[in-house]
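You will see chain A twice below: alongside chain B first, and alongside chain C after that.
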Partner chain A sequence: MSAYILRRLLYALPILVGVNLITFLLFFVVNSPDDMARMQLGDKRVTQEAIDTWKGEHGYDKPLLYNAEVGGLPSLTDTIFFEKSLKLFAFNFGQSDSGRDIGYDIRQRMWPSLAIAIPTLLVGLAISISYALMIVFFRATYIDFGSVVLLVAMMSISGLFYIIGGQFLIGKLFHLVPISGYDHGLEALKFLILPVVVGVVAGIGSSTRLYRTFFLEEINRDYVRTARAKGLRERAVLFRHVLRNALIPILTGVVAVLPLLFMGALIIESFFGVPGLGSYTIDAINRQDFSIVRAMVFLGSVLYIIGLIMTDISYTLVDPRVRLS
Partner chain B sequence: MSRACCSLPLLVVVLLSLSACGQPPWNNPYPESQSGENILYGAFTERPKHLDPVRSYSSNEYAFIAQVYEPPLQYHFLKRPYELVPLTAVALPEVRYLDANGSPLPKDADPSQIAISEYLIEITPGIRYQPHPAFAKDEAGAYRYHQLDAKTVGRINTLDDLPETGTRELIAEDYVYQIKRLATPWLHSPIAGLMGDHILGFKELTERIEAAAPAPVEGERLFFDLRQVAFEGAEVVDRYRYRIRLEGRYPQFAYWLAMPFFAPMPWEAEALYGQLGMKQNNLTLDWYPVGTGPFMLSENNPNLRMVLTRNPNFHGEQYPADGMPEDQAAGLLADAGKPLPFLDAAIYSLEQESIPYWNKFLQGFYDSSGISSDAFDQAVQFDAAGEAGLTDDMREKGIELVTAVQTSIWYMGFNMLDPLLGGDSERSRLLRQALSIAVDFGEYVSIFANGRGVEGQGPIPPGIFGHREGEAGINPYVFDWRDGRAVRKPLQEAKALLAEAGYPNGRDPETGRPLTLYYEAMDAGPDGKARLNWMRKQFAKLGIELVVRATDYNRFQEKMREGTGQVFMWGWNADYPDPENFFFLLYGPNQKVEGGENAANYQNAEFDTLFEQMKNMDDGPERQAVIDRMTEILRHDAPWSFGFFPQSFSLHHQWLKNVSPNLMANNTLKYRRLEPSIREQLRERWNPPVLWPIGALVVILVVGAIPALVVARRRERSRAR
Partner chain C sequence: MPVILITDALIFVLIAVGIGFGLYAARHEHLRGPWRQVGRSPVGVAALVVIVFYVGVGLLDSLHFHPLIEPVAPAAPAASSAQADQSADEKTDAVAQPVAATSTSDQAMSGQDATADEQDSFAATPASVLAEPTYSTQIISVLDLWLSGLRERQEKTFSAPFATQLFVKEAIEQPDGSVIRGYPRLEHGGAHLDDPSQRGVDILLRGLFGLVKGLIAWTALMVTLIAVLAWRGRQSFNDRASAIWRGETETPWRVALSALALMLVLSFVAAELAASYHILGTDKVGEDVFYQSLKSIRTGLVIGTLTTLVMLPAAVILGIMAGYFGGRTDDVIQYLYTTLSSIPGVLLIAAAILMLQVYMTNNAEQFQSLVERADLRLLFLCIILGVTSWTGLCRLLRGESLKLREADYVQAARSLGVRSSTVIGRHILPNVLHIVMITVVLDFSGLVLAEAVLSYVNIGVDPTMNSWGNMINSARLELARDPVVWWSLAAAFVFMFTLVLAANLLADVVRDAFDPRLRSAS
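Let's turn to the complex of A and B:
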């Protein structure tokens, strides 16, 4: 297995270089180093001299991808792309264009993101699995039909609607929790309820439908028929046999998203005023802070790759028939 | 069992209700420990980029640092027109003029004779800095944190990791030090270029600092003591007096002395933050200000909140005893003579979205708020006379509305370098005048700004010297005076001007096709679509086809710098309340293509001469006459259609006192007073927890579960078929 993991990690290197290159190209198609300098220095009374100084200090005074003025290898290494990218692979994110330590900010901001993402994932899983099992229990009845209609309707509604609706109902009309905000320690609890509820409700439609499909696939298998034939109750069949087998694709799917929980939820964090990594990325894009955008995209890619490797490993753990080679 | 099922939700509701009785609101976003405290609650929508007074230049940054840093002068809180008064200075600066030989000149000397203006500023003794680690000393009298080793610096993540603090008296040298910082190249002060044109030896100082300072170490600039660099432009006279020397005459300089750029900076702060590793750990003046003001920034977490607390060392200041005649009736002089500040703290939370911000204001969790377009109709209504007032809902809550015309302008500019629209020809002038009539900014304000704006008759907004009200103030090329108000000229007159310009019905006689103009727009997003469609329709009224070239702000600026645009809309927010700060936007040598701020690239020899004359004059009838002539030239040449002056509408709750719009002063937090007990009562009244939905949800789940359980049990008991 270790050879397999090593090989996958090596495969990841060109992927990360590619992701980094695409991020770089997309960013600099829209923004020039002069634009970035103006964004940092302000709009009023900024001279070209100040812009040039800023670019020099922040390493944006070089060609983007190819330095025609020098020959040989330096034509590729003496560029913004190379100099800004190399340190990323050592996980040295450096400083943002406004001078903040990106690594420190990430370490600070991942906790609020996790504080929302973990309960949303766990509560959402519990509700979706329970609901999907119930639907399967009542399959081919009006409960099944009505639930599917409800789930499709819930899937079709924009996440933004759940956020605004949740804030309006629970925060504004019922006065049960603060509409937005965040705090540290136990004070954070009252701020987490609403985003978690909204996150769970917004995710029920799609996840329950998916899990229902998993359960329905299992319920017609031979082992289920055997279990019923030996006289087991339907509840026992569902919870002891169907659930256990259907959990394999569910858990492996969950394992794949686990690392990405660090990255936070972009819209939820912004609307609820949560200082997590999602809002960090959005703010950086708005401020044209390439250093943060690049670091967050790189981190997201690394975590995604880790998630996929973990998924493969988890297959071997939950299903002994699977071998990695 | 069913009885138990039914009584359970009721029990839940009763228990929740009981637990809610007498409790503070559940939706209170603040800790219970802050209940009843003399704390102002506000919000900010965007993280401030810079808190170092040498770089900070936007209103959202000034909202914080203007409470911390104290320049020598400030604007009177209540008096209008805006008036400079001393802050840390003993009096307004004493100005002396010298000729090229260094001989003194009289106050009314010809500006061309004046080679140097000397500003002598005396500061009040006994002012002390806020407690700060930069001033902490050990028993031997050495600075406690100025010589930290790399290991110690590596462990410091916030200023709280340096527990010992100290203070010292404010001295004249701190002001001189800050002026030298303005010239320091790696600090990137946005006004360095401007000050280089005015302060004597400023540019040379920049070069001297560059040459003398050590090179950066690991990308960090280590502490370089600017006290050792001589500077003829700003010198310490004695402990409490310093002198600034300007080249020639520049009366507007006094206004700059009221901005944080000229606030004092203790060298100890730079010595602390200038240690290797400090910048890497985010310990900079851009993050942790050091000042003498009424408040100090005790928590700077712009991703969550920023907290200003009362500076225990504040020198004391009194609420003004005089203001405008209407201020007495408005209760704005009730606190006259009382010591400032009134607040113990101000907590500003990050609210990036307008909906939660607005709802929390209505719930009483913010003391004041602006009004977003979404909430405008809910908050404001206009009466038959067009006067803005609050809706019944707002009045019932005791909310108060404050409006003020901002010292800024949104204008439609015509690029004077453009061969079709620009230049000094009669044809292009008539075309610009016709367009100025056709584009109805009154309608624009009504549709896109909820009526929050005043149509511009010239470049100078109301409240600034040179602005004329009434019939004498209208732009006669675009408006008529009818029934006591300015009325836009009929479209027929615009069409007649267009025909006179050689474009009858908006058609180009050479091609016979509609005249095509290009509009550079900076709002390429979906929100801007309605605005751009409206603009097309305005031009279409004259038969002119408008091609919109929508792009992002970066590209828009690039086009302006290159002078390749044709028609555009842009704005300007005044630095100080002087007509020079608006007319310079049309001053010839200040063209955008030459690196200035004259985006229309307008040039008129007479206007430029008058500008040179006007900028050196004191306010009075003579200056007004020059301004009138300059305005007339602009109205005639029409390089701008004068657009509108935005109006700010803000709301505050009844418990917040001393709210008077002052668009020049940024340090107004010290005047605010609260009545926290009223706030507490109203918050409780407005936010009772509504618990029946929880009970209803439980009931629905239980009632829904019963038939499901029955079906499930029946199914399990049934025989296999």
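Let's turn to the complex of A and C:
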């Protein structure tokens, strides 16, 4: 098992190099370090001198990918790409282009993101699973049909409308909770309710429908027929047999997204003014702060790869027939 | 003078591919069967009817051209009524004599001078106007031409649906010279009414008139359809009609006709009412929201379909190659798609769009017009969305071709020395087509929804382009007003919801028809 994990982690290295290369190219293919300096210094008429100092301070005064002046191996290592990427692999994110410590910012902003993402995931999971189970209990009736129509309709509504509708109804019409903002400590609770509710409602449609198909797949299996044949009641069949088996694909699916919870929900966070990682990223994109964007992309890719490995491991844990090779 | 924008050209390619595929599917039973099953599903047929209406609007909006500037300046939207009358008179003259004789040219030129002050948007000089037909630099589509009434009837600012007065108070000059603050009458919405209180009756009458027109059109279509069906089935007209009425036909024509009736009546009523009201209100700059919603259809459809068209070749070729050849090829392709899919999609799109913006501001001279610029950005968005979304299909196809490679008939072909390209083309590709088709249909609604979200964070389509995302984006701040300006949001919601719901329902039916696993289960 540990050999497998180690090998997978080694596989991740070239992928992360590739991810870095892509973000790097995307940024610098049209945008030279000079442009970046000018943007950050924020003035149309900056002297070349000021630009050079800025580039020197932030480490952008080298060739981008290939340094022709020094021969041999340093021609690849003495470049912006190599210097900036190497530190990322040690999770040393360095300073943002505006001079803040990215690592510190990420550690600070991680908590609001998690405070929204974890309740959304748990509540959403609980509601979706119970609803799907209910639909399956009433399968092939009008409740089943009506629920499926409702779920498809809910899936067809853009997430933006859930957010706008939630803000408008709960926040503005009923004045129950503040529309947006954030606070520390327990005070944060009232700011969290609305994003979590909106996140849960927006996700119910697709997840419940997916879980319903998982349950229906299990319900046609032989062991279910056996359970019914020996006289178990429908409730016992559903909870003791179908639910437990259908939980395998549901939970392994959840495991894959667990690490990504750190990244925060980009849209929800920026809508509700939550100072999490999602809004951090969007702000950085709008400010064209390359260091932050690259750090976040790197972090996201690492978490994604961890999620993939965790999915594989969880398969072996819940299903002994699956062997890792 | 017709103009073909890049996305237009790709839409035509897409239609060609669609027709080609349709012909191919019609000749192959394993593809024709599932499609016939789709045709027998009432939900599928109803969804198809709705989608056909959307596609029709989208196609009309894809035929672009430079409008002809008539020898005498066309009526400017802002021209006051006296000048509008004058230029209208002259326009009729000019239309009567398209190739203007010298005798009328002086007269026309004087008319040109009179209105030239307001005509700064039209760059044509009087001399060139008379020499040969000149074209406006503006690019419009056939839909714009058709809806030119809606396009040109601009108000000053917000007005509610079916309103006769502006939504905000303004200083109005009374006939006796005094100034009061109140809600001024709209310039176009309900302008034909002398007394705004008659509005209800007027709307009802016009609505009924539209309803009758819609029903007449529907009856005509229905009679033709039944006649054709009866002729093909060698039945009498009455037998066929009663079979459809009782729902005994194999294809659910009754559902199709009901859906058609609904859509036709809705469009005719809307058309009838839109001629004299702003049926969905106007936005901040006084543009008709109904017009914006109709224009947004093309954007949504282009994003939903072209993205797939762009990513399809790469996903299909690489996926099959990875699965079929295995080894080193497989490693490289797997590395490629794992890398791409591990970058958070929104970040990749954001970075790419930002880069495009920088490029466009640095090379502004390359783009002749705003429309072309917006169009290029739309295409770029499709490409980048395609780059982020092809990995899923590629992975599916790789898995399927891995399985197919071991199939007996593929082994046999290989041992007989058939070239790899032939094996792939003849044995592998036809057997993975159903996966491709399911993915294409399933992706569509997700892409339409994604457009709205991306435009909302300003990394979607160009802000000047009509799209549902831009409508929502510009309308959401107005929710803070009191009373609320809700109609832009509602319009975007209704139009988007209808399309996505129809697409989702159709996708369900298509997936059930093509997925062999599900078919055996049910």
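Descriptive notes on the structure:
By our rule, the second predicted complex is superposed on the first by the 322 of 325 C-alpha atoms of A that agree within 3 Å, B and C clash if a C-alpha of one lies under 4 Å from a C-alpha of the other, contacts with A are read in each partner's own complex, and residues count from 1 in each chain.
Keep in mind that, in the parts below, a contact is a pair of C-beta atoms (placed from the backbone, for glycine too) under 8 Å apart; a residue touches a chain by one contact, two chains touch by 3 or more.
Since the model is a prediction, treat every value here as computed from it, not as a measurement.
After superposition onto chain A, partners chain B and chain C are found to clash with each other. In the superposition on chain A, no contact is made by A:L258 with either chain B or chain C.
Of the two partner chains, chain C is the only one touched by A:I305; chain B is not. Of the two partner chains, chain B is the only one touched by A:T47; chain C is not. Of the two partner chains placed by superposition, chain B and chain C are both touched by A:I164. By the touch criterion defined above, A:S270 reaches both chain B and chain C.
Once chain A of one complex is fitted onto chain A of the other, the partner contacts of A:M296 are limited to chain C, with no touch recorded for chain B.
In the overlay built on the shared chain, the residue A:N220 is in contact with chain C alone; chain B does not reach it. When both complexes are overlaid on chain A, the residue A:L26 reaches chain C alone and has no touch with chain B. In the superposed pair of complexes, A:G18 makes contact with chain C only, with no contact to chain B.
Clashing C-alpha atoms between chain B and chain C turn up only in stretch 489-497, chosen from 93-101, 165-173 or 489-497, once the structures are aligned on chain A. Shared contact residues of chain A with chain B and chain C: 30-31, 35, 164, 167-168, 172, 270. By the touch criterion given at the top, residues 25-29, 31, 47, 49, 55, 57-58, 157, 185-186, 188, 190-194, 219, 279-282, 284, 286, 301, 303-304, 349-353, 355-356, 359-360, 363, 365, 552, 554, 557, 575, 595, 597, 687-691, 693-694, 708, 711-712, 715-716, 720 of chain B touch chain A in their complex. In the complex of the two chains, the chain A residues touching chain B come out as 30-32, 35, 38, 40-50, 53-54, 57, 95, 98-101, 104, 109, 134, 137-138, 141, 143, 164, 167-169, 171-183, 187, 190-191, 228, 233-235, 270-273, 275, 279-280, 283, 287. Put simply, chain A touches chain C in their complex at residues 14-15, 18-19, 22-23, 26-27, 29-31, 35, 152-153, 155-161, 164, 167-168, 172, 217, 220, 263, 266-267, 270, 281-282, 285-286, 288, 293, 296-297, 300-301, 304-305. Remark: chain C residues 335, 338-344, 346-348, 350-352, 354-355, 358-359, 362, 445, 449, 452-453, 456-459, 468-469, 472, 476, 479, 484, 489, 493, 496-497, 500-501, 504-505, 508, 521 touch chain A in the complex.
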